[in-house]
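Down below are the structures I want you to see.
After this come two complexes, each holding chain A, first together with chain B and then together with chain C.
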Partner chain A sequence: MGLEQFKNRNVGMQNYRMLDLGQTPTRSFDKFKQVVKRTFKGELFVGLWVTLREMVNSLFRGELHTVKYPLEKLPISPRYRAIHDMLRLLESGHYRCIGCGLCEKICISNCISMDTRYDENQRKEVSEYTINFGRCIFCGYCAEVCPELAIVHGSRYENASEQRASFSLFEDMLTPIDKLNLQQEYDGFGAVTPYADDHIKKTPLAY
Partner chain B sequence: MNVHNFAYKDKEITVTIDGKVCHSTFGKTILEIARENGIYIPTMCYLTKVLPIGSCRMCMVNVDGVDGFILSCQEKATDGAVIHTQNNALYKERQNIMKLYGVNHPLECGVCDKSGECDLQNKTTEFDIKEQNFTARDQSRPVENWGHVSYDPSLCIMCEKCVRVSTEITGDEALQVKFGGYSSSIVNVKKEKNYASLGEAAAVCPVGALVSTNFKYTSNAWELDKIPSSCPHCGGGCQMYYEVKRDKIYRVTNNYEFTSMCGAARFGFDYANQGVAKDEKAFQAAVKAFENTGSILFSSTISNEEAYILQRLKENYGYKLISHEARAYQKFMHAYSLVSGKNLYNGTLKALSQSRGIIVLGSKINDDAPIVKYHINMASKWHRARVAYLHPIEDTEIQNIVTQFIKYEAGSEEGVVALLAEALLQETELPESIRSFLDDLDIGNLSAECNVGEEELFALKQSLSKKSGFSLIVGADLYAHPRATHIAKIIALLEKYAGFNVLCIPPAGNAMGISLICELDDKIEGATVGYNVLADFTLSALGEGDLDMPAMNQQEGTLTTFDKRVVPMHVALPYGGYILNDIANALGLKATYTIDYTKELPQNKGFKCVEFDNLPDTFDLVGNENRGYVLQPISVKTDEIFEEVSEIEEFDGAIVYCCNRAEQFSPFTEKCDLPNSEAVLWGSQQFALVTKLLEGDHKAFTID
Partner chain C sequence: MEATTLGIVIKAIIILAIISAVAGFGTYLERKVLAFMQRRLGPMHVGPYGLMQILADGIKLFTKEDIIPQNANRLIFALAPAITAATAFIALSAVPVFPDFTIPSWIPLLGGTFVPSVAADINIGILFVLGMMAAGLYGPLLAGMAQANKWGIIGAARTAIQFLSYEVVTGLSILAPIMIVGSLSLVDFNSYSSEHAWLMFTQPVAFVLFLIGGFAETNRTPFDLLEHEAEVVSGYATEYSGMRWGMFFIGEYANMITISVLTAVVFMGGYNDMLFLPGWLAIILKIAFVFFLMLWVRASWPHVRPDQLMWLCWKVLMPIAVINVVITGIVIMV
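For the complex of A and B:
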C-alpha cells in the first residue's frame, strides 16, 4: 500500500458506504410500531448474552480479565521506584547495610539521615536510619550508589498513610526476617519487566 | 624544627631542585628545603614535628653525581647539589612501594573512619595503582581496644609516626614497635594507664589503624565541618578544629603536622550549654542584679573580650572584679616586671623545646599544662636536655624525662627560689645591690628549712654548666604563696641576668588574658554577680545558674596563651540564649557583637588593634605558626629592691597538695564524658598516721 491515499486530503464520499436505515417514521402510529418491534425482537438478549457468558467464564471457569485490586496487585516493573526496601544477607539474615553513608551523601533532597556506632563486635553498626518520604523525590541515587545492594527501591507504591513516618524507619523497610526466603533480588536500573518478551507486539509499519 | 647541627648553622647554601634554584641554610634536609620552596615530594611516614622516621622510602630523590636513590627526609642538602624529585624510575619505585602497602590491606574503605582523609587512599590514587602483583599469606590480627584509642593492626602500615609522637612529643612512651617482618605491629606497653595523650598518636595515623574509640564508626570524615578554634582549657590555647555535624561535635582534630594538643583538648569537647532559649525574665533579673551589685566574681574560663567587657563595666559602674587565681597571677607578674623590666616573661614554647637545661618549679606540670610537658619532653628527646623538677611530691608520670628530682618542703618556695638564684647566679655579673642580697642569704639555714641539700643544688649547677639554652618553668604553687611577689622578683633575676627562657604558666584558663586586661580587686564588696562562679546572682555556662551563658565552644572571642599569643576561637555549636554582651548593652555599653571589642583590647598591655575577622589562623608550609598575633612586651619601670627571705611559719599537721587531675582543668572539663579520671586523695602511710586515718575508714572530701 502506497502512501498516496494518506496524502490525499480530499475528504469526500469515496470510502464510505451508506447504511440502509429505511425511512424515519413521521406519523405517531409508525413511531409506536417501531418501538414495539424493537422491544420484542430480543436484541436485548443478544447483548445480555455476552455479559452472561463472561460472568460464567469469570465466576466458574476462572477466566477473570480484571485484577481484584486491593486484594491482589500486579507485579510492578523493576524500573519503578517506589518506597525503599532494606535487604538482608541471605546466609546470615543480618542486614546488608554497612553504614558507609554514601546514600546519605548522594541524596539530593537530603532526606536520608543515619547514625552509626562502634558495636560490641567491633563492627560498624547502623544505630539510626530514616528516610523522610515527605522530601524524597524517588530519584533512585541511593540505590544506585549503594555498594552492598542494601538499599533498593521496592514495589510498595501505595504511599498514602496517616503519617509518612509510618514507613520511613529502618525496621519498616527491612525485609522481615521470616520472609527472608521471599526476598527479591533487585535487578537494578535498566532491568526489563518480567516476561517482557511475551508482551512485545509488533509495531505496524504504517497506520 | 629538625635542625640539630648548630656548628654550621646559618651557613648559606644553594641547591637546585627540579630546576628551581633554592636558597637555604646548611643543616636542613632536602625535603625541608623542597617544602620551603613549595616543591612536592610524596611521603608516607614523614611528620614535620618529629625527627625523620625513614620507614616509607617514598621521599627518595635523585641527586646528580650520586648513584641510587637518596632519602630526602634524612639527607641534609649540601651546597650546589642538583636534585631531581620526579622521573620515571622514581615513579616506578614509588608505585611499587604503594603496591606493597596495599598487600592484604582490608578493602573496607566503606566503613573505615579514615576514608576521605586517608594518606594510603590518596597516594594509591595518586600513583595510579590499578592492580596488585604482590601477595602474602594473610594473618589473623584482631582489633585491640586501648581505652581512648583502639588499634586495628590489619590496617596498620607500620609508618611508626604514632610511636615517635608518643616518645618524642607526648612523652608517655606507651607505644612501641614490635618487630617481626610482615607480622610487625605497634604494641601498647602501658595499656593499663589509658593515656589520653595517645589521642595525639592517633591523630597522626595516616590510615585508620589508630583511631579514637569514641569517634570510631560514628561518622565519615567528609561529613564533618571543620571549625578552627583554640582550646580554652589550660591556657595553652592550642590550635584545634571542632568537627561538627548536625549541631553536634563529633571529635576534635588539630593541624597534627605541626602542633600537638593534650588529651583534655582532644577529648574534652562536650561541655556546651545546649538547648538554651532567650529567657526574657531571667535576663531582666540579670540586668537588675548588675545594677545593684558591688562585685563581679568570675572564673578564668572567659575570653579576652568578655574580660574586657567586665573591665569596661567596672570603669563605668565601679564594680569590684574578683578572680582569685588571675589576681594572684597578676600580682606575681607585676612584681616580676619590676625586675625584668617587661610586663611579660620572655619564654616561648619553641625556645623551651630547644633548651638544653630545664628547671620546673612549683607546678605539677604534667597535669597543670600538658603541652608544656610535651615541649620539655621534646627538649629532653632531641637535645638530651637536663630536666630538674623541683616539687614537694615526685611525679611518676614524668620520671622518664626528669634527670634530677629535688624535693622541697611545701611552703618553702621562697627559700628554694632564693637558693636557686644564689646557685645559678654565682658567676654572673650582677649589680651591687643584687649581689649583696644574694651574698647575704643564709644558705645553710635556707637549705635546712627547705630541705634542699646544698649538694643537690651543686649537682644541678654542675649539670647545667656545660650547656647553653636554659628554661625555667614556674607554676601555680608560687602564685598562691604568701610571698609570691618576692618570689617573682627573684625569678625575674634569672631571666634578666642568667638568660633563662622563663615561662610563668598561668594558673588556669585565660588567667593571663584576664590579668592583662582587668584591674582586679582583692576584696568582695556588696552584693555579688558571678560569671561561672556561684554568687548571689549567677551567670553560668554550666547550666546551673540564674541566667544561661554560652560555653567557650559556643562563642567567638580570643584567648591569651602562655606562648604569649592572642588566638581566635570560633563558634562550633549554636547558642540561643543571652550573652554577656547583651547584658553590657543593656547597661549602656554599645557593641553589636562581643568580637567588636577585639580591636579595643588594651594596647598599653601588649595587645594589638586588629579586627577579630582579620586574625590569621594558619601555619605556613614548614610549620611556622601564624595564629592570631604575639603580644608585644611593654617596658615597665624597674624597682630592684629585695627584702630578706622570710622564715617559714611553723606548721604542724598534714599538708594536702591540691592539683588538677589528669586531663581536668575546670568545671567544664569535669562535665565532659571522655576525660574521666577519678578524683582521688593520695597519701602515704605517714600521712595516714598524721591525719589519724585507719584502714577501712570512710571519709568524704570536697574540692571547691
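For the complex of A and C:
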C-alpha cells in the first residue's frame, strides 16, 4: 500500500462500482421478457456451483472454519492480559522474582499479597505470594512495573471458577521446571500481533 | 411369480424398518451436507463422525415432555402428526423400492418366499402415491388450526395455499410421462425405461416441473413456507414438542424419500441394470442423488414468498405443464 493511498482516509464513493440494472419494466410484456431472461440466465446454477465448490473445498482440501474449541484453540494476541505467569531464569532455572514488592504496591485492586524474607545468601526470597483472581481486574500494571519481567500475563484465558475468590499461589503460576524450555517470553505492552503488517487497514475518517 | 400375503407383509416390514431408519439417517446427512457446504463440521461428538447423533436426537425426542396447549383442540392436535407420518408410509407402499427377490430356501420358515418390489402393485400406483402425499398435507393443516396459536394459523394458511399451488403442477407434469408409458403402475414405468431412453431426456420439461412440484410437496427449501423460522416461528409445528414433532419430522423425511424414489423410477430409469451397475445399486444411487439435490438446493437458494409461489405455480408452471401435455399428445398421435 503506497503512502499516498494510505494517507487518504476519506471514505467516499470512489471505490463503488455501479451495477447496470437497466430500466425497471413497466409494461407487462417487458416484465414477462425480464422473467424469461432471468429464468434462462442460469444464475440459480451459479448458486449451486458455489455451495458445491465449498463442499469440495471443505471435504477434500480441509478448508474448514470450525475450531473444536476445548480441543484446539486459536492463538491470542500477545497484548492479551490473561492469567498471570511467573517466569524463571533460563540459565539457572531459579524464579526471576526478586521480591521487590512493586507489583503488590501498584496493584489497584489490592489483589496481590506477598511476603518475603532473606535467605542464607542474604538474597530476597518469596515466602508467600498470592493473587486473588476474584478481585483482579487484569489491568496489567503488575506486569508493566516488574523490573525483572518475572510476573507476566500468560495465555490462560479460561478463568471461570466455582468460587468468586479463587486465589492463585506462586507455585501455580510459576513455570514448571521441566517445562522451562517451553517458557514463552512476554512480548509486553504495545507488542504487535504476529503478521500485523498483513492486517493493517486505514482508519476511516468519515463515512 | 405370484406375490403371497407373507411376501407382502415382509415387504411392508422392510419398507417400514428401512425407510424410518433412513429417514432418521437423512437428518444426519442433511446436517452434515449443509455443514460442509457452509465450511463447518456438523455433528462430530456423538460416536465416530457424529454418526450416533440420530440416537441422541431420538432419546431427546422420546423423553421430552409432551405439551398440549390449553386452548388447543386436543383430539385434532394429537391426530395431526399421525396423519403426516402415516400417509408418508402408506404412500411408500405403492412405490417399488427394491427389485423383486426370493428369500433363499435355506432360511427356515421364510425360505422360498417371493418378495415383490412393490408392497401393493395396484394399477393406479402413481395416482395413489401422489394422492397419499397430498392427503399428508392434512397433517400440517389440521395441526396449525388445532393449536390455538397465531403462528400455527399462519402456517396452516400457508399449507393451504401451497397445497393448492403445487398439486396442479405435479399432477399435470406427471401426465405427459403417463401418456407415453400408457400406465399408472410404477412397475410399468420401470419396464418402459428398460427398453427406451430415460424419460428425463425425452421429457425434460416434465422432469423439471415434477422436481419443482416435488420440492413444494415435501416442503423443501425454496418452498418451505409452512414452517419458515424467520417468518412464522415454526409455522404449523410451533406448539409441538417431543415425539409428536418428531412424527412430523419423520413424515417429512419419508416424503423426501418417496419423491426421490418417484423421480428415480419415473424419470431416471428405475431399478434397471445400468452398464456395470446392478439394478439395486443403480436405484440407490439415483435416490441418493435426488435426496442430495434437495439438501444441495437448501444450502444454495433462498426461499420464495407465498405470493411468489402462487404466481410461479399458477401463472408459469401450470401453463408450461399444459403445453407440454398438449405437445406430447400431438407427438404421440402423429
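Following the convention adopted for this analysis, the second predicted complex is superposed on the first by the 128 of 207 C-alpha atoms of A that agree within 3 Å, B and C clash if a C-alpha of one lies under 4 Å from a C-alpha of the other, contacts with A are read in each partner's own complex, and residues count from 1 in each chain.
Basically, a contact is a pair of C-beta atoms (placed from the backbone, for glycine too) under 8 Å apart; a residue touches a chain by one contact, two chains touch by 3 or more.
Model, not experiment: these values are computed from the prediction.
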Chain B versus chain C as contact partner of A:185, first or second or both or neither: neither
Partner chain(s) touched by A:30 [first = chain B, second = chain C, both, neither]: neither
Which superposed partner A:64 touches (first chain B, second chain C, both, neither): second
First (chain B), second (chain C), both or neither touched by A:158: neither
Touched partner set for A:55, first chain B, second chain C, both or neither: second
Partner chain(s) touched by A:128 [first = chain B, second = chain C, both, neither]: neither
First, second, both or neither for A:47, with chain B first and chain C second: second
Of chain A, residues touching chain C in the complex: 35, 44, 47-48, 50-52, 54-55, 57-59, 63-66, 68
Touching residues (chain side chain C, partner chain A) in the complex: 33, 36-41, 44, 296-297, 299-301, 316
Complex interface listing, chain B residues touching chain A: 110-111, 143, 145, 150, 213, 216-220, 222-223
Touching residues on chain A, where the partner in the complex is chain B: 98-102, 104-105, 115-119, 122-125, 147-148
